[in-house]
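Have a look at the structure below, then the notes.
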C-alpha cells in the first residue's frame, strides 16, 4: 500500500497517518518529496483496502500494491499447470480443442456432431444441458436428459464431456455424467457456485465474466483453488464494450497477461467472443497465434435450425477447416509457446 | 424482426428468405427500395433470434424489433407499481430510503447505526450477513448470526430489513429473518437464484449487473415475475466503464429509461455507484432529482474501522445531512415525479 | 513513482533499479517487505513514464503517483475560478445556463429561440455555425453566415454567444463574432486547436471527450492554460459505454471529481449526454443537484424539423419548464454548492 | 428506416406517421402485427436521422437500416484496394510491415533503427516528428528537424516514410518530406484535417479512434475519400475499455468486420494496442493470424532511454524475431487471406 499525501498536508496530518499504520501493526516508510510526501506500508499479511486511508485528513490517494491472490500465481508455482481430464489434457504439449453444439437438442444432433469432432482428432466435446438464457421465455436446455445424451456420446466416441453447471445442484449432475465442469461468464462471481466447484473432483473451466478485470477473474479461480480443487482452466470469451460489430470484444491481450501472472492454462472461446459465424475462424486463428492453450468452439450440424446461438455455430465443414488452420498455426508458434 | 438484404442480393436469395419466414409460420412483408430490399416479419408469437437469418445468402443484417419482455411493461400495467413492505412502501408518494452498514459486524454497530436511521424517519434498514467478496480471503459476513442481529434491529426500531441472499439457501434464511430480499449485481443473471426469489413471498430488490444492458436487467426482473412474485424494485448501482475516478459509473439516465418502459419502482445506490465517500451525497441528490423512487446508502458509525467498503460509508452526521438534502429536493420535484 | 519488485527479484536486480533511479538524478527509497521490495522515487521535477521501468529485470509494476498537471489544480489556486463573459459569469453565485439550437439554420429560427431564451432570464445563447458531423454527407452548418446571425442575436437580445470552433481558422471567426469558444468532444485532444484557443482573449468551453479519463480532460484544459488563457470552463457531456438506452452515458460523478482537484468551473450538457428528448430535463435536474455550475441545453422552435440532433432538442415550452425546475433545485442545494 | 409503433398506438397516430413520411417524399410500408404495427420507409436518397421520428406520438422506436457510407463499400468496389506507396504496397500479396521508433529523437537513433528495419526486408519506416502528447509538458517531437532526418533515412535506405500530421500545416510538411500521412486516433474525427488529407496526393494511414464505432471509423475514411483521395489504409490500434491490464484493448474482430464491408486494406498496431512490451509480439502474431494486411510496430535501439512510449518499444532483437514469426504465420494463412 502506498499513501500519497496532498501537497498542502500538514506535519500533523502526516504524523496521524503514520500513527494509524503503526496501530494496525504495519510498518510505515515516509518518503518526503519536493511537492508532497508519500508513505509506503509494508508488513501487512494480506491486502489492505486502500479506501480505508482515503478519507483521513491530508490524504490524496491510497494505492494498492500487493495483489490479493496467492494460489494462482507463478510465485507459488513457476511452471504451467497441465490440467488432466482422464487421458486428455489442457495446458500440455498438444493444442486442446473443445467442440460441440451450444445446447444438446437431441440424440441425433449430438451424435452427428460428435462423429465429426471425433474424426478430427479432437478430444473434448461440449454441449449445454442447462442453458443460462437472458429471457425466461427462451429454450432452457434438456436438463438431465441432455446429460444422459452427453454420457452416451462419451461412451460411443471416447470424447471428454465439458458441460455447464448453473448452480450447486448442477455440479452434482455434471459430476454424475460429465468430465469437466464449465462455469459460465454470468456466474464468474457466483461465489457459492465457485466454492461448490472447488470441492469437486472434476476439473473446472472458468469463463471470464463480461466485465471482469483480470484480478477479479484470477480471484474467482482462487476461490475454486482455495477449496482444494487445483484443476482450473481459464477461458477468455469476450468482454462487454461499446463496440457493436461483435456481440462481445474478444480481449486476446488477456492471454499473455494471464501467462505473466499465473500458472493456470488459458483457452479462448471465439464463438461467444464474437457471436458471428464469419468471425469465428479468424479469431480462433488469432487465439492460437497469441498463445492460448486451446479453443472452445460451437459446431452444429444444422446451424440455421439451432435452438440457441445458431448464428455463431460453425457448420461441420467450417469446423474441419478451422481445426486444420489452427493446427498449422500452432505448429509455427510452438517454440514461442513453450518458451 | 426486420431483414435487410445486401444491395447485390438476387431475386432468388430474396425468395429464399421469404420461404424460410413462411416455413416458420410467420408473415413476411417485402419492401423493395432504391438500393436494397428489406423484409419485415410479423406474426411471430415471441422474439426471434436475429442471428438465425444473418447467415442466409444475400442477407446483410437482421434487426430485432419486438422486445422480449412482457410482465415488466407499461403495456401490461400502465400505472407505477407500489411495492409494499409491511406498512412501508417503495414507489409510493414518499421517497423511500434504505440505510445501514455494508456488513453487519456486531450488535453494537448495528444498533448504533439503526438508532440514527430510525431517528431520521427512514423506514428501511440494510446490512449484509452474507457478503459477496471478490477475494476468498476477505471478510465474508457473520452469516446467520448477522441475520439474528438484523431481526433484533427490526424488533427494537420497527425498521424493515433489506438484506442480500447469495444463493437459494440464502433466500430461505432471508425469508426467516428479513423483510426484503436483495439480489446483488454479481448475481443479476444467476437464473436459479432469480427463480427461487420469484417463488418467495418477500419483495425483491434487484440490483443492476455491472455490465447489464437495460434489456438484460428488465429480463432479470421478468425472471422473478414469471415465477409469480410481482413485488420487484429495481436498483441502479453503477456500471463498469473505462472511467477510473469512481469505482463504477452511476448511470442515472437508466431511471427515466426504466420509467418509459416499466411500471416497476426504481431506486439508486450512490454508495456502490461511486465507491467514494465524498461523492455519495452529491450523487444521492442527483438520483432523487432525476426521479428515482428512493435511495439505498451505506452508513457506518465508525467508517474508518468498517470491515468492508469503509471508504464509501457515510458517517452518522453525513447521513443525517444527506437525508435532509434529498428530502428538500424531492419536495421540489414531486410534481414532475408524479406526472 | 513507485516501483514494485517481483517476489523472486534478486538483490542484484533491486540494486540495478536503484542505480537507474540515481542515474536519472532522482532519489530512491527502498522498502523491503515480507514478500517483496517496493522502491519509492522522489525528487523528479515532473511526471515519469512508469513504463520506463516496467521492462527492467525483476520489476513487477511501476505505479505513477504524482499527477502531471499544475495550473488547473486547487494546489495552485484554492478558490473556484469565476469565468467572466462580459457582464455574465460562469462559476459565480448564479446558475449559468447556455441555451439554443444545435445548429443555426436561419435568422428566423435563431431569433424565435433567442426570444424565448432571453425571456427566461438566461444569459448565454448557443448555436453551431460549423458542425462536426460523423458523415461527410450530413448538414455541415451555415459557416460564417451562421456566425453573422449569432452576432445579430447578441445585438438584439444582449445574449452572450457560445459557438464551436472546429479548427484554428474557426477560432479566428469565433473571435470576430462570438463571446466564448466551444471546443467539442471530438477535438478534446486536438492539441493544435487547444494551443490556438489558449492564445485567444475569449473564454473557452472545453467539452470532455467521449472516452477521456478525468486526467486527460484536465490535461486538455492545462494545454489551454499553459498558453496563457486561464478562462476555461469544463463541460461533462457523456462518455461512451456499452449502454444503448442513451446516446452517451452522462457521468455526473465527474462533477464532484473535478471539484476535488480543480478550481475550474464545470457544467453539464444533458442534451448530448443523453441524446433523447425525454431524458434531458431529468438529467438537467440531476446535473444541478450534483453540484454543476451550469447547464448547456439544446432548444428548437420546431424540433421535428431540425437539421441536426432534432431528437434531443427541447421545445420552447419544455425549455421554460426546465429552467424553472433547475432553478428551484439550485436554490435548495445552494448552501452545499457554495460550501 | 423502420418505425416501430407502441402497442397502444392509435390508428390516428399511425396515420400521422404515415403522413409525415409521405410529406418527406419517401414511401411508407405499414406492417400491422399481432401486438403492434411497424412501418418501413424506402425511397430515401440518403440516411434519415432516426431520432426525427422518435418524438412523434405513438412511436416506440425508430431504427436506422441503410448505412450512411458509399465510397468505402464493397458494394461500390468488390475487390480489395491495393494502396501503392511508390514501389511498395499495402493490401497486396505481401504482408506490409511499418516499423520504427515512436518519435524521431536524433539522427543516430533513426539510422540505427532504420539499418535493422532495412535488413529485415521490411519496406516502411515510421517515426513521429510531431507528437500528440496528453500533457503539454511532455516531449512534443523534433518538428521539421525530425522530418529532415526521416527524409535522409529514405535516401539512405530506400524505406518509405510514414509519419503523423497533427493539423493542416502538418500535412503540408509530410507532403514535403514523407511518403504516407498518418492520422492519429485522437484526430480520427478532426474533420478539417480529414478533408485536408483528402486533398493530398499521398496515401493516408487512418488510425481508429479510442472510442470509435466501426461506422464512425469507416465514415472518417469516407471523409478522406469524398475529397478525392482513395488511397486510405485503416489501422486498428486498440479501443478504450474497462480493462486495465493493457493500455488499450486491441479489437481484432474489427479486421474481419472491416473486410466484410469495405475494400480498404486494414492493418494492426500491437504497440499502441497493448502499451506493454511483452504483449507486442503475441498480439502481432494474432493480428496477422486474424487476417490483417500488415502491422505497424514501434522499435527502438535503446527502449529504456526512449523519450516517449519506451515501455512498448521492441528492442532490435525482439523486432527481428517478431518479423520472422509473423511471416511464418502469414505463409500459413495466405490461402485464407486471399480467399
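Going in written order, the chains are labelled A, B, C and D, and every chain counts its residues from 1.
The rule is simple: a contact is a pair of C-beta atoms (placed from the backbone, for glycine too) under 8 Å apart; a residue touches a chain by one contact, two chains touch by 3 or more.
Treat the numbers as computed from the prediction; the structure is a model and nothing was measured.
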Quick one: point me to the chain whose Cα centre is farthest from that of subunit B. D
Could you classify the subunit A-subunit B contact as same or different, where same means more than half of all interface residue numbers appear on both copies? same
Intercentroid distance (Cα basis), subunit D paired with subunit A, Å: 30
CA centroids of subunit C and subunit D: separation to the nearest Å works out as 26
Hey, what residues on subunit D touch two or more of the other chains? 211, 240-242, 278
Subunit A residues touching subunit B in their complex are 46-47, 49-52, 54-56, 68-70, 132-138, 166-170, 186-187, 189-193, 209-211, 215-216, 219, 222-223, 226, 240, 275-278, 303-304, 306, 308-312
Seen from subunit A, its contact residues with subunit C in the complex are 2, 4, 6-8, 29, 31-36, 38, 40, 42-43, 45, 61, 63, 65-66, 75, 240-242
For the subunit A and subunit D complex, residues of the former touching the latter: 211, 213-214, 239, 241-246, 249-257, 260, 273-274, 278-279, 281-283, 285-291, 325, 328-329, 332-333, 336
